[in-house]
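Note that the chains take the letters A, B, C, D, E and F in the order they are written out, and that residue 1 is the start of every chain.
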Amino acid sequence: MKFHELTAPAIAGIDRDRTLVLLPIAAVEQHGPHLPTGTDTIICGAVAEAVEARAPESVLLAPVYWLGASAHHLRFGATLTAELSTYVATLCELARPLLEDGFRRLIFLNGHGGNVDPLKVALRELQLEFPQSILSGASYWSIAEEVIASGLEGEDRFVGHACEFETSMIQHLRPELVDEFRRAHAGPWLPDVVEGLFVSRDMKQRTRAGCTGRPDLASAEKGAALFEGIVARVGVAVKAMLAEPIPD
Amino acid sequence: MKFHELTAPAIAGIDRDRTLVLLPIAAVEQHGPHLPTGTDTIICGAVAEAVEARAPESVLLAPVYWLGASAHHLRFGATLTAELSTYVATLCELARPLLEDGFRRLIFLNGHGGNVDPLKVALRELQLEFPQSILSGASYWSIAEEVIASGLEGEDRFVGHACEFETSMIQHLRPELVDEFRRAHAGPWLPDVVEGLFVSRDMKQRTRAGCTGRPDLASAEKGAALFEGIVARVGVAVKAMLAEPIPD
Amino acid sequence: MKFHELTAPAIAGIDRDRTLVLLPIAAVEQHGPHLPTGTDTIICGAVAEAVEARAPESVLLAPVYWLGASAHHLRFGATLTAELSTYVATLCELARPLLEDGFRRLIFLNGHGGNVDPLKVALRELQLEFPQSILSGASYWSIAEEVIASGLEGEDRFVGHACEFETSMIQHLRPELVDEFRRAHAGPWLPDVVEGLFVSRDMKQRTRAGCTGRPDLASAEKGAALFEGIVARVGVAVKAMLAEPIPD
Amino acid sequence: MKFHELTAPAIAGIDRDRTLVLLPIAAVEQHGPHLPTGTDTIICGAVAEAVEARAPESVLLAPVYWLGASAHHLRFGATLTAELSTYVATLCELARPLLEDGFRRLIFLNGHGGNVDPLKVALRELQLEFPQSILSGASYWSIAEEVIASGLEGEDRFVGHACEFETSMIQHLRPELVDEFRRAHAGPWLPDVVEGLFVSRDMKQRTRAGCTGRPDLASAEKGAALFEGIVARVGVAVKAMLAEPIPD
Amino acid sequence: MKFHELTAPAIAGIDRDRTLVLLPIAAVEQHGPHLPTGTDTIICGAVAEAVEARAPESVLLAPVYWLGASAHHLRFGATLTAELSTYVATLCELARPLLEDGFRRLIFLNGHGGNVDPLKVALRELQLEFPQSILSGASYWSIAEEVIASGLEGEDRFVGHACEFETSMIQHLRPELVDEFRRAHAGPWLPDVVEGLFVSRDMKQRTRAGCTGRPDLASAEKGAALFEGIVARVGVAVKAMLAEPIPD
Amino acid sequence: MKFHELTAPAIAGIDRDRTLVLLPIAAVEQHGPHLPTGTDTIICGAVAEAVEARAPESVLLAPVYWLGASAHHLRFGATLTAELSTYVATLCELARPLLEDGFRRLIFLNGHGGNVDPLKVALRELQLEFPQSILSGASYWSIAEEVIASGLEGEDRFVGHACEFETSMIQHLRPELVDEFRRAHAGPWLPDVVEGLFVSRDMKQRTRAGCTGRPDLASAEKGAALFEGIVARVGVAVKAMLAEPIPD
């Protein structure tokens, strides 16, 4: 079920106990020399739509909230962003009317790295207001970590930025938007964890090219296989949240 | 040009002086017994896309910011909303990176009544920060007031809520989402201006049915004609903002 | 009844159901070369006082809240202003104790253009908190639009800034504060609506002189007649709000 | 000079170095059974006007900001108030345009006890922004402590609330607004300092009657003498601030 | 009883009616050429610990909240500080869980001048939320004013900054942290009250040396005697708050 | 070097390039039936002090900021907490004066799970303001993950809450504060990650007993060995941050 395609009476008729609200959140920001700024939104939106399409009776899908916390990309230009405090507030406000309207099982499905920390802060704030709810969230790559690791060839077997993974996904989902990726060279790039410490750097400090890993290794076939695997794994997570007992 | 479909280098290459940024803003909220909650987003997004499609060399289109200021619909359920202060902050944050990146001509194209006042507050705040810019905004119905008045049959020849106009538009744009509109009866409804005074009422106080006017008079043909007229008028407004001299 | 001139027991004794609270809001800001910075406060305060004086048994008048949202005048100097977010908060705080104390009919009578948008945002916020109230507001010129149009001679038959209208009013109300108005030349000035779009400009961008229209056409006689007409029209609006049914 | 009665060019012509800006701040709140809610505003406004009248060439007077921090009176009703954080913000906003416009000597003249602490917080915030200014403030009773002590008869020889002092002042300034004060009995009331500790209590906890001390001892003659003494003392403080060297 | 040294069941077992919560608040900021930045925290913490040690059955001591409102020292460096609004919020948040958990008698024991005004604002905010509580606070020097005055030799017989008093106290409490105080010369320094007006100045404007008064007159013996006297006086204040009737 | 034990001139003399600022952050909150509420502060503070003690020439230690984001423990009582937004603001404010004073290498050493997400948000905010700095942070258990895993016996070889690890640490550091831990039974407890999703639950929902794992397996000897290993690993992280190149 798609929230934005239903009438109010149709939404009123949904069984709140057996329905999970899926709120995809992403970003519109620079994605290296070869991928569109909407990359995170395209991928996260497609995953969320596919998850809903496979379980339409128990998943209520909201439209992708595409404005992310992307200030660490601003020095590249081509980036839209919410301030961190506004972003936390907005995530809470997105969930609040649904929870007040009786829905009690909710997943924020995230598709952008910079959203992870404010998302967790928002989930902590919401829990204090709505303790009798299943309030959850994760990036799709955390849910499908193994699927992703096994589907990539380059050294970095995870989701970086405009990398082998993301390039493959956009080749699969929106190939017409990919620009000469074979020539995209990420060059060396810096991690954000050193000796167990999170080191806060903006993206320009981490990669001159605005991308990481090996976009040149990307292919639409990899993208298709990864997409399939991710959708399946998120589907498992959705079922888990539907089965989770409502807390006191 | 669509911001979210371009790469960062492509955006960097845009001529800032001859380009207008078009930021559509809408809502996802209850729309009576017969229209989808995404009605405002569907209409405003379609108008904005058509405007860009007819002047792709001079219009840079952002994705529709679909989360609106809809708290006055909350008592009906089936409504997502941002708080007014968060909404004002977000509109400013949407524009800020574009203005800092050199764009100087901007239209917020609005598709939801509740957004009008906070939009104007946001434009006033942005002007203080970016005085050397053309910062503008309006609901498409204010831009195309006469077009709309002349394209409707019922007594209310303007955009109400889930009314003759909106129903016609969704019949034109997404007919599969319209539910038994011939039976939708708005019944009597209250205005929000009395003797020149704005009287603040929530939507439940204004209309028991959640809609206004004569949805039963809607038709896809009306919708098509209205759509065409609105797109043309917004195109004129876009040209005006491209011609406006940059202020000191 | 004047709130600030009554004792607490006298206020406690007022019949809440049959009383309207009148909250005048204005500004202190530059008003061209010839009018005092307090112009908006003088006019709005005088109108509000006259309205109360003609219906003292049913109107409870608060003192004029003279600090307005005037940041768009700051580049001229001679301007005091609240930030937009502070102003919205303050309008809500002004109304809140009255509504919590049982009053249910309220008009914010506005006398400054920059206040209109934040006032409407404030009325929207208050409505969510106090749904069972008549919460209204408008600039006096919106209430008395026709009276004003018919009382002026120049091309601009509406309230601009330090214009024919405002100059006439101050000549009527406080003639000793008007400085050589016959020599005030507004020169060309820019509108804030172009092709249906609100274009956000500060006052220096709209008028080099800090005033609009034809102040040289002003007269105390026009001011007296306009004042009389406006007070009468606001009186009608007050009666309408006293007659409006309290919503659920 | 009265800010609100001058034109912008007149204000532009003021010698910033030799002028002190006087910002009176007060309240509108319950004042016992016998005094009007505007008591603090009437007294503080009258003192400020008299101070300006005696040194018009060196004092620039703003209109009284009458909305105070009066939440501790709310349980009595008949009280308007700003929230503490809004009030601090507003005091800063009141001063900011004046300081940015070149004025460097400023006194907030306070007439309400609940304003003292937020005023000092605001002065601390402003000092960080405008270090090269003389930013000062006090209640008139702190400036004229001895004058007040020597002009009263009752046991409490200071400014309480709707007390001998305030009643005398309103008898002097607006006698028609005083209601049967001879019968006003404050009864016992609690201090807000105990063994050196500030104990935060609302006014209802401190006095059942909403007033303190001996209003029955008030007289217009006392009021006149006190007023004269206070105005003189504030005049001395004004001169001191005009003489204070501008800091680095 | 020390809050941070007790288990949750032990805290649950405390008699709320007969217990006072003591919340020491201080600062870490420059303290002249000879005293450690932690001076205020050392003194205030030691006083609070001694007060608890003498009445452990009726005092529940929180750890010293050492981050103060010290922005007026920033120009000297060597200073940590909270913004004033954050500080007010934090003081409220410190008290709130204790008050919600049933404690009703609370003293904020302050050890830093810059904290006084925001502390009082916080106590005023808390009172509105928790009217049936004894919410109090003061600097230890306000509680023990006479003790301090009689224990000092220099002209300034009160607590300044890194002065005779504070130097004596640190010599008594942590002598190894005092650096060549005999050579510390405060030189002339400016008061913060002039003719009854609070004049907001940062510390660099008040004293070039970063200290006031006569640190060279300090001695550990004076410190020991002052400490003893202060602890006794704060003990009296604690007893008073334990005896104070709970308000309605 | 301990910030709070140094004079301002001593701090001014520190070589900013070769010094790392270590800011320990912790919490005071319920810790099961057997551990003191100050557990996190005791452990984190002791680790930070030991790290400084072993590299005093290159580490500048701030006092432990003991107030954490602990609202998820409030339902147990015996908990102090900052709101999440206040906590993020405060962490930024803690770092800001140090960074403005020239320090460029900073580690927030965290000792409380609820602080992790707001800490990362704060580090992201600070990076935008101070891009030419090494801004890092982590919980000590993330830095010393392997050390901890290998030092425990129970099934949960990580830091839970009032668990085998924390009980051992307090037995080592403050044995007199541990209460009958052999009888503490955590019972079953819920994880906060399910199928890759973070599920936001308060502590009462995760564990009825307020503790996790096997506190009964704790020993002072384990605590001593773990402490030693953690301090060594944090020392390695400190060296890494001292060696990290300053970014552009």
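By our rule, contacts are C-beta pairs under 8 Å (C-beta built on N, C-alpha and C of every residue); 3 or more make two chains touch, one makes a residue touch a chain.
As the structure is a prediction and not an experimental result, all values here were calculated from the model.
Novice: What shortest step count links chain C and chain F in the network of chain contacts?
Specialist: Contact-graph shortest path, chain C to chain F, evaluates to 3.
Novice: Could you run down the chains that neighbour chain A and chain F together?
Specialist: Common neighbours, chain A/chain F: none found.
Novice: Interface check for copies chain A and chain B. Shared numbers divided by all numbers used: above half gives same, below half gives different; which is it?
Specialist: Chain A and chain B contact each other through largely matching residue numbers.
Novice: Going by the average position of its CA atoms, which chain sits the greatest distance from chain A?
Specialist: Result for the farthest chain: D.
Novice: Considering only mean CA positions as chain centres, point out the chain farthest from chain E.
Specialist: Relative to chain E, the chain with the farthest C-alpha centre is B.
Novice: Centroid from C-alpha atoms only, then distance chain B to chain D, rounded to Å. What do you get?
Specialist: Computed from C-alpha means, the inter-chain centre distance equals 48 Å.
Novice: Using mean CA coordinates as chain centres, what's the chain E-chain F distance in Å?
Specialist: Those two chain centres are 27 Å apart.
Novice: Would you give the residues of chain A that are in contact with at least 2 other chains, written as numbers and ranges?
Specialist: Correct list: 74.
Novice: Is the way these chains touch best called a line, a ring, a star, complete, or other?
Specialist: Basically the chains close up into a ring.
Novice: In which sequence are the chains arranged about the ring, given a start at chain A and a first step to chain F?
Specialist: A, F, E, D, C, B
Novice: Where on chain C does chain B make contact in their complex?
Specialist: 69, 71-72, 74, 84-85, 88, 107, 114, 117-118, 120-121, 123-128, 131, 134-138, 142-145, 194-202, 205, 233, 236-237, 240-241, 244, 247-248
Novice: Give every residue of chain C touching chain D within the complex, in rising order.
Specialist: 3-12, 28, 30-38, 41, 62-63, 65-67, 74, 76-83, 86, 89-90, 93-94, 97-98, 100-101, 177, 179, 210
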